[in-house]
Each structure stands twice: as C-alpha cells, then as structure tokens.
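In what follows, structures are represented as structure tokens.
Same chain, two partners: subunit A is paired with subunit B first, then with subunit C.
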Partner chain A sequence: MATAVKTVVDCISENCPMPLVKTRAAIMDAKKGDVIMVKGTHPQSYEEIPMALDAMDIKVLEQKYEDATWYITFMVS
Partner chain B sequence: MKKNTVYLDNNAATRVDPRVVKYMDEFHLHDYAVASSQFSHTPGIRAKESVDTSREIIAKRIGAKPGEIVFTSGETESNNLALMGAVASNKDKNRNKIIISKIEHFSVLHTAERLKRNGYELCYIDVDEEGFIDLEKLESLVDERTLFVSVMHANHEVGTIQDLNAVSKLAKKKNAYFHTDATYSFLQVPIDVEETGIDLLSIDANLIHGPKGVGALYVREGVSIEKIFEGGYQENNLRPGTENVPGIAGFGKACELFDKSDIHKVTELRNNLHTGLTSGIKGTLLNGPGDFSRRIPNNLNLSFEYIEGESVVLHLDMRGIAVITGSACFSRALQASHILLAMGFTHERAHGSIRFSPSKYTSNEDIDYTISNVKEVVEKLRELSPIGK
Partner chain C sequence: MENKKATIILHSGGFDKIMSAYIVGNGFLSMGIPVSIFFTFWGLNALKKKGFDRAPLSKMNMLGLGRAMIKRRMKRHNVASLEELAQSYKSLGGITIACTMTMELMGIAKEDLREDLVTEYGTVGKYCYVSKDAAITLFI
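Take a look at the complex of A and B:
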C-alpha cells in the first residue's frame, strides 16, 4: 500500500465486540490523516467494522482476508 | 453523520444548567470561605447562608423542615449514611433484620450485604416483570425485629415508580424505619415525606442538572442515626468535613430552576422515541412498566431481540448517540443487570437491553436522528447475527 500505516490494532482471536471496541479506541487516539490497520479473525467483526467506519464517514482503503486472518485499513478523517 | 453528541444517558448524569455553573462560580471565586457560624468572619457567614438557603429550597421540595436535610457527596453516601447510620445508632434495640428490594442501587444493595456479613438478617423483596415490588411479600417479612425497610422510589434502569405509601404503611405497622432512594424521581415525581411517612430519603444533584459530588439525606426529626465517619460537627453532627459550598449552592439553584414544563417536554420526547422505535423495529421489547404514568418521564428501556446491547451501544456511539446497556460486558462488575434479572428476564434479554433517557436539552431532531440510526444499526447487526437473519 502506498500510504504508511501508523497504528496496527491486533484483534486476532478476539470476539465481538472487542475488535470494534479496540478500533474505536484507536480512532479516538488518532489524528486526522492517520492510517490504521485492524487485523483479526472474528468473522462478524470483518463486516461490522466497515459498517461502523461508514457511519463515521471514514473511508476504508483496503479490506482483505489472508489465511483466516482479515485486515481492514482506513484513514482517519 | 451528526457531529454533535445526542446524549441520552440522563438517568446516569445530566448536563449542568449553565445558570447553575455561573451561580457556583461565585462560591469558587469570591465567597469561597468555609461555611461557619455567626461568630466567625463575614465570608464564612455568607458561605453558611448560601448553604442554609439551599437547605431551605430542597426541604420545601419534599415537604421537610430545613433542619432535616443533611448534605452529602451524593446518592451513594446518602444511602450508606442512611443504612449504616441507622444500624450504628440502634444496636441496642433488638432489631437485627433489614429488608430491601432486589432492584436497589448498588449503594443500598452492597451496604445491606455488608450489614449481613456483620450479623444482620437481610431479606429481599421480589419484584414482578415490570419492576414493582411484591407488597404481600413485604408484609410477610416485616416484623418487630425489623430495623428498616429500604425501597427506592423510582428505578434507574427501568423507571418503575413504587407505591411508597403502601411500603410506608407496612413498615410503620411494626415501627420499622422506612428509607427510600429518591435520586431518580426527585423533582420529576412529587413526593412529600410527611404525607408518605418517610424516615430517610436520599437525593443527588447530578440527576437534576446540578453538579456532581453533592447530594442530601433527609432524616426525619426524631429518627436516630449516627455519623459513619469521624471528624467535625458539620451537618448536624451527621456528616463531618468541610461543606462543599459551591456544590450545595449549585444543588439549591438546580432545584430552584427545575421547571415543571420540562417534565412535559421530556415525557413527549420519551413517548415519541418509544413509538418510533417499537413501530419501526420488529422484535423490540419494552422493559419496565407499560403504563407510562407509573414510570419516570425520562426513562425508556428496550431490548432488541437477537443482538447484544454492547454492539448497539458501540455503533450508536460511533454515530454520536450516547446510550447504555444492561449487558454484562458493559458493566464494571462484568455481570448482567441485577435489576433485569430480578424482573425475571433471561440473560439474553438483559444483554440486549438499551436504556434511552432524554432531558430538557434533548431536541425533537435528536429523537428523529436516534430513531433512524437505531433502526439502521439493529437491522444491520441482525443481518450479521447468525440467529438474527
């Protein structure tokens, strides 16, 4: 990816709602323009996090699954 | 996305009225002396006068005499002082039984549990599915060994307003003290300590657009309680320590400013929210009284089937809406709401519960925004839920 990731939020093995809780905390600590990558394994969170980001007008830069781990990268606006 | 927060957690804390803040500033910046007697310096006398003015205002609101009001740091201290103070002062009276409802605030519940560990017999009054206490059960429990009965006026989670007259009569039959935590009903629901026969009553400024960290305990003249920590002789020798003059002044001012028309406004907002959510979202269950005249105006508690409360809270928060849930993960104790469980609800229903509580600062636009966002969040979460599809 062209944009450098500033913060990685590790949610591997954590169930709902912890990935969303940790994502929200990372957003609260971030500055405008910071790029955050969340990685996890809980399937519902993979769908739930982009839904919450959309409601906050935060654009997802990349979303992918690799070997049962998902990655969601977004820029804080 | 809405940028300003829609704050719907007014059963926990309210926004302080700016006029209260301005009034309190006087006592932070100018009249900041310790409240003291007529033999002291002028600033101290002025501080004392402001404390006494608040005492008069608050006493009038509950039909008490000013000398029966003891200022504390809030609901928790008032409840501790009422229960522990009554026990400390009546050890020799062969009354070692205490009775509380199962849906009390933790400051009553845990204080009573401590008293039980210290040898007191603790009895609980059950509640029905709407949160009303079982008066027959209470009647069967109260006897000559009962020191006090404690039943909260209105519940903070589901808004149920208890029939205090009935509770008082049962307690008085056996000459037991009657304590009520009226923190969540104060000013919203009229109360008269004389007419109702209340011996001890707890209130808190934080719920009426006053400051945090200040509350009061009404102690009926002739009711014997003892202070629960040592220090000076303030507050009729029941609550040692320098009085929180700005807080107490702010408490009085918040009482003075409380307008009955705000109750009508809040009731309408709550009703519109209820109609909008229950008509628009299938599988929405009302927790607490269905008869809204038996529920405090600023309370609505709903469960949304198939989804968990904390997910709803998080998604709404990210849309700028502040509500709370009775779910276990949300609680510091990591336990589902003891109130909803006492009402006979399943853990699933407790986990799915959301409390909405508007205030005079909530607008119609806020309610419309909340309805549309709750609908969207609940629908989307149900699509993701394996059992909600």
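Take a look at the complex of A and C:
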C-alpha cells in the first residue's frame, strides 16, 4: 500500500471492547490525513471496527487477515 | 453519519450490570457517539470507593465465589477489568452523572465517591435534559 502508516495500534489478544476503544483513542490523538493501522486477533472486532469507522465517516483503506491476525488500515478524515 | 447521543441509566449495582453499562458506553464512544451514564440507586454504589471490588454478581454470586470465578475467567480471556473499562470510558470523553438524590437517600457524601470518575452531579432533571437529544436510552 502506497500510503505510509503513521500509527500502529496493537490489539493482539485484546477482547471486546478494547480493540474498538483503542482504535477510537488513536483517532482522537491523530490529525486529519494520518494513516492508522490496527492489528488484532479478536474475530468480531474485524467486523466491528469497520462499522465504527463507517459511523465516523472514515473509509477503510485496507483490511486483511493473515494467519490468525487481522490488519485494518484507514486514514483519519 | 450524524452522531447522536446515547444515555444509560445504571440503576443496578451488580458487577455484571456495571460491566455491561461500561462496555456499551465504551462501544458508543468508540463510534464517536457521546454517552452519559446516570448512576442512580444501587448503581451509585459502583462509584463508591472500592465499589468495583465490592459489587456482587447479580446472579449466582454465592457469597462472592461467583464473582471471584468470573474475575478469574475475565483475566484468562483478556477481558478488560471494570477499572480499565471505567478509565477508557473516561478517556474517550464519557460523562458520569452521580445521582444526588440517591446520595442523600443513602447517606453518601461526595468524599465517599470516586470523584476521579464522576464528571457531574445531578438528579432526574439533569438526566432528562441530557436525554432529550439522545437517540438511544438504555436502562440497566
């Protein structure tokens, strides 16, 4: 992916609702245009973080699963 | 998407019910939806000093054995503790209203409460005023 990731949010092994919470905290700390990548293992958060981003009108740039870890990348708007 | 407000009345003092209020509150905040939790009646006990530690399970507490079991399982499954949930709720901007009518009724002073968690004091008027613009209201 061409856009450089500014912040990586590590949610490996974290359970509900912490991946959502950490994602939101990272957005609050970020500036418009910053690219954030969240990685985690909690399966439902792979679906629900994009829902939260949609609620905040933030578009997902990339979303993938590799082995048991997922990665969600987005730009703060 | 327009982010509307959510309000939660926490009337119950059970460990599991306090957990639910904070988990749902954190969920809304994570989606950019402002949240206020109104701690009233038994729910206010949660905000007392050591309130999180003393809260019994609402079912199968078994003199604290059930609560200890749940806490062990929470740790094993990496579920955030009540304290962590309360701190993240606060850091994401969640509003915590302590019911002053309950405080009077139960003889609870401000010093008895976790003032680091309480953002506002008020009664039903404040809750209703905050809720009038809320799209979502939950009673726990």
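Assume the second predicted complex is superposed on the first by the 77 of 77 C-alpha atoms of A that agree within 3 Å, B and C clash if a C-alpha of one lies under 4 Å from a C-alpha of the other, contacts with A are read in each partner's own complex, and residues count from 1 in each chain.
By definition in this document, a residue touches a chain if its C-beta (ideal position, glycine included) is under 8 Å from a C-beta of that chain, and two chains touch if they have at least 3 such contacts.
Predicted model, so just to flag it, every value in this text is computed and none were measured.
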Legend entry - Three-chain arrangement built on subunit A, subunit B and subunit C clash or fit: clash
Inset, instruction - Using the superposition on chain A described above, determine whether A:S77 touches subunit B (first), subunit C (second), both, or neither. - result: neither
Inset, instruction - Could you let me know whether more residues of subunit A are touched by subunit B or by subunit C? - result: C
Inset, instruction - Report for A:A25: first if it touches subunit B alone, second if subunit C alone, otherwise both or neither. - result: second
Legend entry - Contacts of A:M56 with subunit B and subunit C, given as first, second, both or neither: both
Inset, instruction - Considering only touches as defined above, state whether A:P17 meets subunit B (first), subunit C (second), both or neither. - result: both
Inset, instruction - Would you check which partner chain A:E47 touches, where first means subunit B only, second means subunit C only, and both and neither mean what they say? - result: first
Inset, instruction - For subunit B, sort through 20-28, 56-64, 326-334 or 380-388 and name the stretch that clashes with subunit C after the overlay. - result: 326-334
Legend entry - Residues of subunit A that lie at the interface with subunit B and also at the interface with subunit C: 16-17, 20-21, 24, 51-52, 55-57
Inset, instruction - Using the touch rule from the top, collect the residues of subunit C that touch subunit A in their complex. - result: 1, 3, 23, 26-27, 29-33, 77-80, 84-85, 88, 91-92
Inset, instruction - Could you please specify the touching residues of subunit B with respect to subunit A in the complex? - result: 1, 308, 310-311, 314-315, 317-319, 329, 373, 380-381, 384-385
Legend entry - Residues of subunit A touching subunit C in the complex: 13-18, 20-21, 23-25, 28, 51-52, 54-57
Legend entry - Interface residues, subunit A side, partner subunit B - complex: 16-17, 20-21, 24, 44, 47-48, 51-52, 55-57
